[in-house]
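Sharing a structure below in structure tokens format, with a few things to ask.
The chains carry the letters A, B, C, D, E, F, G and H, assigned in the order they are written, with residues numbered from 1 in each.
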Amino acid sequence: MTTSEAVALLERYRAGEITADEVLRVFRVAPYVDLGFARVDTHRALRKGFPEVVFGAGKTPEQVVAIARRIWKNSGRVLVTRVTASHARAMRKAFKRAVHHEIARCIVVEREPLPKLEGTIAVLCAGTSDLPVAEEAAVTAEVMGNRVERIYDVGVAGLHRLLSHLDVITKANVVIAVAGMEGALPSVVAGLVSRPVIAVPTSVGYGASLGGLAALLTMLNSCASGVTVVNIDNGFGAGYAASQINALAAVTK
Amino acid sequence: MTTSEAVALLERYRAGEITADEVLRVFRVAPYVDLGFARVDTHRALRKGFPEVVFGAGKTPEQVVAIARRIWKNSGRVLVTRVTASHARAMRKAFKRAVHHEIARCIVVEREPLPKLEGTIAVLCAGTSDLPVAEEAAVTAEVMGNRVERIYDVGVAGLHRLLSHLDVITKANVVIAVAGMEGALPSVVAGLVSRPVIAVPTSVGYGASLGGLAALLTMLNSCASGVTVVNIDNGFGAGYAASQINALAAVTK
Amino acid sequence: MTTSEAVALLERYRAGEITADEVLRVFRVAPYVDLGFARVDTHRALRKGFPEVVFGAGKTPEQVVAIARRIWKNSGRVLVTRVTASHARAMRKAFKRAVHHEIARCIVVEREPLPKLEGTIAVLCAGTSDLPVAEEAAVTAEVMGNRVERIYDVGVAGLHRLLSHLDVITKANVVIAVAGMEGALPSVVAGLVSRPVIAVPTSVGYGASLGGLAALLTMLNSCASGVTVVNIDNGFGAGYAASQINALAAVTK
Amino acid sequence: MTTSEAVALLERYRAGEITADEVLRVFRVAPYVDLGFARVDTHRALRKGFPEVVFGAGKTPEQVVAIARRIWKNSGRVLVTRVTASHARAMRKAFKRAVHHEIARCIVVEREPLPKLEGTIAVLCAGTSDLPVAEEAAVTAEVMGNRVERIYDVGVAGLHRLLSHLDVITKANVVIAVAGMEGALPSVVAGLVSRPVIAVPTSVGYGASLGGLAALLTMLNSCASGVTVVNIDNGFGAGYAASQINALAAVTK
Amino acid sequence: MTTSEAVALLERYRAGEITADEVLRVFRVAPYVDLGFARVDTHRALRKGFPEVVFGAGKTPEQVVAIARRIWKNSGRVLVTRVTASHARAMRKAFKRAVHHEIARCIVVEREPLPKLEGTIAVLCAGTSDLPVAEEAAVTAEVMGNRVERIYDVGVAGLHRLLSHLDVITKANVVIAVAGMEGALPSVVAGLVSRPVIAVPTSVGYGASLGGLAALLTMLNSCASGVTVVNIDNGFGAGYAASQINALAAVTK
Amino acid sequence: MTTSEAVALLERYRAGEITADEVLRVFRVAPYVDLGFARVDTHRALRKGFPEVVFGAGKTPEQVVAIARRIWKNSGRVLVTRVTASHARAMRKAFKRAVHHEIARCIVVEREPLPKLEGTIAVLCAGTSDLPVAEEAAVTAEVMGNRVERIYDVGVAGLHRLLSHLDVITKANVVIAVAGMEGALPSVVAGLVSRPVIAVPTSVGYGASLGGLAALLTMLNSCASGVTVVNIDNGFGAGYAASQINALAAVTK
Amino acid sequence: MTTSEAVALLERYRAGEITADEVLRVFRVAPYVDLGFARVDTHRALRKGFPEVVFGAGKTPEQVVAIARRIWKNSGRVLVTRVTASHARAMRKAFKRAVHHEIARCIVVEREPLPKLEGTIAVLCAGTSDLPVAEEAAVTAEVMGNRVERIYDVGVAGLHRLLSHLDVITKANVVIAVAGMEGALPSVVAGLVSRPVIAVPTSVGYGASLGGLAALLTMLNSCASGVTVVNIDNGFGAGYAASQINALAAVTK
Amino acid sequence: MTTSEAVALLERYRAGEITADEVLRVFRVAPYVDLGFARVDTHRALRKGFPEVVFGAGKTPEQVVAIARRIWKNSGRVLVTRVTASHARAMRKAFKRAVHHEIARCIVVEREPLPKLEGTIAVLCAGTSDLPVAEEAAVTAEVMGNRVERIYDVGVAGLHRLLSHLDVITKANVVIAVAGMEGALPSVVAGLVSRPVIAVPTSVGYGASLGGLAALLTMLNSCASGVTVVNIDNGFGAGYAASQINALAAVTK
């Protein structure tokens, strides 16, 4: 129920066309609907330009295209994550503007990119096998209007590589640290910077890496303050949360 | 090695008192020391007024007081977390200004509180048993200079209580959502707001709550975007990360 | 041993044809047999019309058809769950009346549907990926003679969608709440209704969802009273238990 | 906001004392409050006489008494679960009518017991060590107005004891089956009856019983249809859910 | 119902005092009772002299004594396992003949010991910390009428100690191998003998011994054929199973 | 070193051809070799006719045939477990006498079957999906010279089926109880018989069956005395251990 | 920054071309770079001839060849682990000298092998299925310049085979003990020798071997002193660590 | 059997007092005994001066003293680990020379300390809570004759502290890296040095540290080569293994 519909209802009541009871019966149900619309409205204002996102995994190419079309109509911006080759083919056929980020396993369709926020998000990853997750985070952040600094292959077993990028890292508003195996990167990074660090464990590793659980536990138990964690391989979640933080900085200026 | 010491060294070299080799031998070791000081300096600028923190658990009252005294001398601000009654007694004896936040199990000693940042941090908790962890988060955020809105006992099994606070929650820069048992609060909250939500699982529960692991897993698997997670019962970590985000908003204005 | 056989036995004893010992030897073994028949009888009375069920997974199409034929002969009603495409082909070839519920991965063969009980069972699911499990629950309940209200895609991250269906949900005799990932739906629902809620965790998710264990733990630790849980992905079990409850309401009228 | 307050608001609008905008501002916030009251109202009608429940564990005797007093004032009926000896002393001091069920670790205070519903709930337990959990389930069900049949010490290793109670078990509307160690009781029972079986794993056992996880897994994996499960040691939850089912049967008559 | 009662019943039927229906009504219920007695009877014959066993843990001294008295009256032989000092005091007060095996944490009361079976059971343990579990196994086997050879402190890290007892071990009918920490003893032993080896993991160890789970897994994964496993610390279970095997050998002679 | 070689050595010493030191140097190394032969000798006597076994999984058909040929030459009896179709083809090509037990996934090659021992081994399984494991146990026991009674599809959810076979089960020397899902069968069986019960968990099930871990835990926590457990799906291990027990009975006659 | 560059910088300072501040600004950043080079330098001296290693798993043949080419240019020695058949083909095509160790799943390319260190490394494995991991350890150690003694198929269930190799084992500087299933080999070996034992659990096994976790736990809980453990299937890690130890012995001579 | 006893036996044979058979019967059993003595002898030579060790945990003060007395008599050197205050009192009463290392929870009794080996062992720990485990490692290494460099409180969240000790660390023959919480220290250290790193996880931490399992997994999954791991809190094991490696270096000179 929109505000004008609500006002119309009240006016019909004032005009004596309906009783107070009838008004209340509508309002008793309305709030939930209202809440829905309100939420969409508020969010549209706050998150303007943020793409709605399609999680591709487990969906057929046809389903992905259909959902993407609906989002495109509303917002002119679509992000599809976890795409396969056949998703990509179908999307490129359906959308001339579709850009396939292969390593990130993402497809982006945009009328025009969002204007970039001022601050940067640094995306670090420990090893080359962590690249797909790091790229998913980076592409997500970029399509949401952020400048992203990629600093890859800076695992803690070769500390000098990490330290040589310290300047770029300390200048970022938020740091996303992606790591599999022992997952020590976020702890080391959070000890070096004073900004929020979002840790992303990856399922890279073997033996007792337990599909990423080992890295996840490492990150949750970080002895460095300021580290928060997202689910294993959840590059999108990290990119999204980092974007919220970076946007907050920009919004509150 | 301070900058003036480094300059002195160079001058002795220029004066021919020492060789280039001797200069390099010093600098080869120095960086690490330098790094340390540099880091402290940088951080002091960025985090000015942020307290250094003592984790009380497993330390004797004497140890806590000794460490607190050293921090006090440097910064005039001490936060001790996870304190017992005897920690509290010893600290109050040693510091006239010591304030004991009993539920939060924290002690704060400050010359004067930090000036408050403009935005607010909302701290939500699901049940009364989650209070100690929520208060630890709230007190941590407050002593770091943040305004905190406490919204307690808003578990998802009584949705109306949560929804009745929606205004306050949506106005916050960051939301800390503390919950034990099934840990569903952060997902519901993140679906309602567009700001970062930091989820804190607590060890409250019994049976298959597995000491908080169930709530932790719930939060990591949240279907709502924008949720990041800290360790079980880690109220301090959540308060610290939320403060970093809120400070970022203020700093970047 | 039927009652008439037992009476015949006693008469032969009275007639002196057999000794007391011989009677007792028979009765000492009989109970187990008796128990078997008793049980089938009782159950046939109580559960009349309930289909016997074939779990298709891991069986060849030939095996499924053979078992289905035997059940069909007895009861004129067969439910096969977890069917593959080749199961479906074989069943449709063998039974003209076979209906293949593709999303539910079920096949139903019925002479005529059972008359519907009066109350309704509401089947909710959190995301579109939970559909197969939700549909398995719904089809199971329907073939057992229940009216089912499907309310899909009402995850807790979009609370307004759930709340807009509150009327239908509160009118149901039993609610089945299906959810993967963080599995918070049953807790939220059980806080809104006063009827039994059967929670079904699904293996949907990735990272630390641990193949549905995360959702399972969430549901077991629900802070809302009245939630009981079945195994991961066990839509059939939930539909069956919900049907027992709904039938109980009808039976006891 | 009560209905009369809402009507008064509308009348002030009709009288021109306030604008439509002011009415809408109130209603936009109201629903959540309304929802709360609505829910309590609805529930009061449906659940009339059901006690509100205090979970004693982790609360001080004073806290328990204070919460109990508030509930008592509203409803004249209080159930406190997981009470210690000191909870019991404090409650008996505060309430003359307080009855302490020692084995169940519960305290009940009632002006007068609820009239009993017609059907019965059968509470079974496997071993004497499971008694506290079984009694918690039984007392919960009784205070909610149910007739309870207790059938204890009927573990599956002595099948004859279980079978000798078959008549009572099959007559119950709902069966609660409580078991620790290997937790096989619910499977065996569900194979014998056609009514819903609520399985309660207990933390009784040693070695690889893993604090009840072994029994929990057994019950979730039951090969018998119609078994749903609650958390380890959650006798209250089972009693509550069973009561909902039994009440449903009565309500729908 | 005893056999003579059953015969009496049949005679009353033959005498025309009761109808066939009345006989059947009794027999329909009787079997379960019968089963019970039958089972006890059969078992008494097969297991003659085997004590009924009281699991002391979690029972009060009064409860233990009461149960022991009842068993004593029936069989003149009682084994109580997992006894505390106060159990022991109470039992010695109640039974003059009570023998307290302190290390085994068992109490045995016997009119006279059972005559010994011919074969031997070898009980091995890896370290001195495993003694209580090994002794529980040994005492259980002894009170059930077996000759027991104790070979202690023969962990695999000191292979020569184990090998020096090879003669005794290979002569035993059954071997019980008790080990904590890495639990490798049963594998090594089963490679040396051709008789059944019952492996008992103990909760001895620290760190990643996980309360005996590590040893349990080791034993289940034994690469040596002929190893079967009981629960962690379940010395009684091993002694009981070994006794069944040894008795089988004797019985079948 | 054979005995005659050892005697020859001693004779050379007595003849003064070698010194005592030289004799001792040989004997110091010999034992290990000796041990090997001794063991084979002893075992050959005790286990005469027992086949050596090839675990087929993970071996190429060529490897399996090569190992089988070597065993065949020594003993005229080969058991290959976990065979695939291509193993079977290769074995049948290499050995005319090869018999492929398809459900058991075993191949047996024998010059002539062993004479049967007197007692029987009962192999029970709970569901049809447990058949391959049950058959592996049965075939293993048969090829080792035991009479096997197969009693299949007697899960505890249909108790009457199990009870109707009670006579056969109680007459067996050893019972192997195979079950997946909740794994309750061994507990129920061990409560009914007085002979050793070897429990075999299977990986049959879904959801929280955890690949058989749930059933494994159930069996380890059995409340019935006399149950020992082998690894998940380890039908061979159960058949082997049962055979050792049955052979022990026969040997000791 | 190389030493000569650093000296040049200092000379420009002494010459008055740049200020002390400019020197310090360079050195403040330099250390990290320096650290990198320093480390490489130091290591090149210490580890001279040690190959840099490519982990093949998850890389395309093209990626492997490209990385191998870069390493080859620097060091004339490449070790690729976890190679597939297509990796091998591509490498053999690219490098004439490439040697494919098939069982070890490794490829080695060397201008000339390193001169062998004096001591030996003994590589033991328990079963033939552990061969790939054992060979990976052995090849790694060999390419790093060590003499390796392979002692395979010496599982603890056939103790005599292990003991017959005792001489070779005790002479080694380091022992690598590879075992799957119950993983008892390292404990037994460490009880027999006084040198460091590196334990490698393998994922060989089934049922409750949990993909090697069972063996891993066994090894961590070893009751024999001197055992350290690497990750499941990590033959390379064991070979590398053993090589470090053996090199240490040689270096310190 | 000692060598002289063996020679005597042979002489009796040569003298015709006993037959070859009798000699062989003795030797067939002897080897195991021999093995034992041989082993002790060999080891005494290799490990001369290494203390035998008593694990104090779970032993009474009297037991500890008794075992210590026996060891003292043989070797004049005793190390007791995991001692309580009462162990310490009893030991100091029994041995004038007993030194109680309180933080390490160790007691050392020595006639005179071993002469120190030349190389050093560096013991690092991440936090002050890890001190007891680090000290246990250090004291163990010292009493075994090693020089130990303690470098404490160098967690990876404050990298500069670690780096400032790089010189000492790189000079050590072996590094023991002790860490709880996220356990990242060993990875970082192993990336900086070329010597073996022994990682010791500690049970320090809370929440999802799982009693040290998180740190253990981190260390097993280290991306840095050359890390091997011991059990949680096993400072003794690390000290012992490090000592073996350091001794090896010395021995092989």
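One rule holds for everything that comes next: contacts are C-beta pairs under 8 Å (C-beta built on N, C-alpha and C of every residue); 3 or more make two chains touch, one makes a residue touch a chain.
These numbers were taken from a predicted model, which means no experiment stands behind them.
A.B. asks: Starting from the Cα centroid of chain B, hunt down the chain whose centroid lies farthest away.
C.D. replies: F
A.B. asks: From the C-alpha centre of chain F to that of chain H, how far is it in Å?
C.D. replies: The answer is 41 Å.
A.B. asks: Can you work out the whole-Å distance between the CA centroids of chain A and chain H?
C.D. replies: So the centroids are 50 Å from each other.
A.B. asks: Compute the distance, rounded to whole Å, between the mean C-alpha positions of chain B and chain E.
C.D. replies: About 56 Å, centre to centre.
A.B. asks: What are the residue numbers in chain H that touch two or more other chains?
C.D. replies: Within chain H, residues 31-32, 35, 39, 158-159, 163, 192, 207-209, 213, 216, 220-221, 225, 231-232 contact more than one other chain.
A.B. asks: Taking the top-of-page definition of touch, could you list the pairs of chains it picks out?
C.D. replies: So the chains that touch one another pair up as A-B, A-C, A-D, A-G, A-H, B-C, B-D, B-G, B-H, C-D, C-E, C-F, D-E, D-F, E-F, E-G, E-H, F-G, F-H, G-H.
A.B. asks: Touching chain G in the complex: which residues of chain A?
C.D. replies: Listed in rising order, the residues of chain A that touch chain G are 129, 158-161, 163-164, 166-167, 204, 206-209.
A.B. asks: For chain E, which residues are in contact with chain D within the complex?
C.D. replies: 29, 31-33, 35-36, 39, 57-58, 201, 203, 212-213, 216, 231-234
A.B. asks: Which chain F residues qualify as touching chain H in the complex?
C.D. replies: 3, 6-7, 10-11, 13-14, 20, 23-24, 27-28, 30-32, 34-35, 38
A.B. asks: Using the touch definition from the top, list the residues of chain D that touch chain C in their complex.
C.D. replies: 39, 42-43, 46-47, 53, 118-119, 163, 170, 173-174, 192, 194-196, 198, 216, 220-221, 225-232, 236-238, 240-241, 244-245, 248-253
A.B. asks: For chain A, which residues count as touching chain H in their complex?
C.D. replies: Chain A residues touching chain H: 126-127, 155-159, 181-184, 187-188, 190-192, 205, 207-210, 213-215, 217-225.
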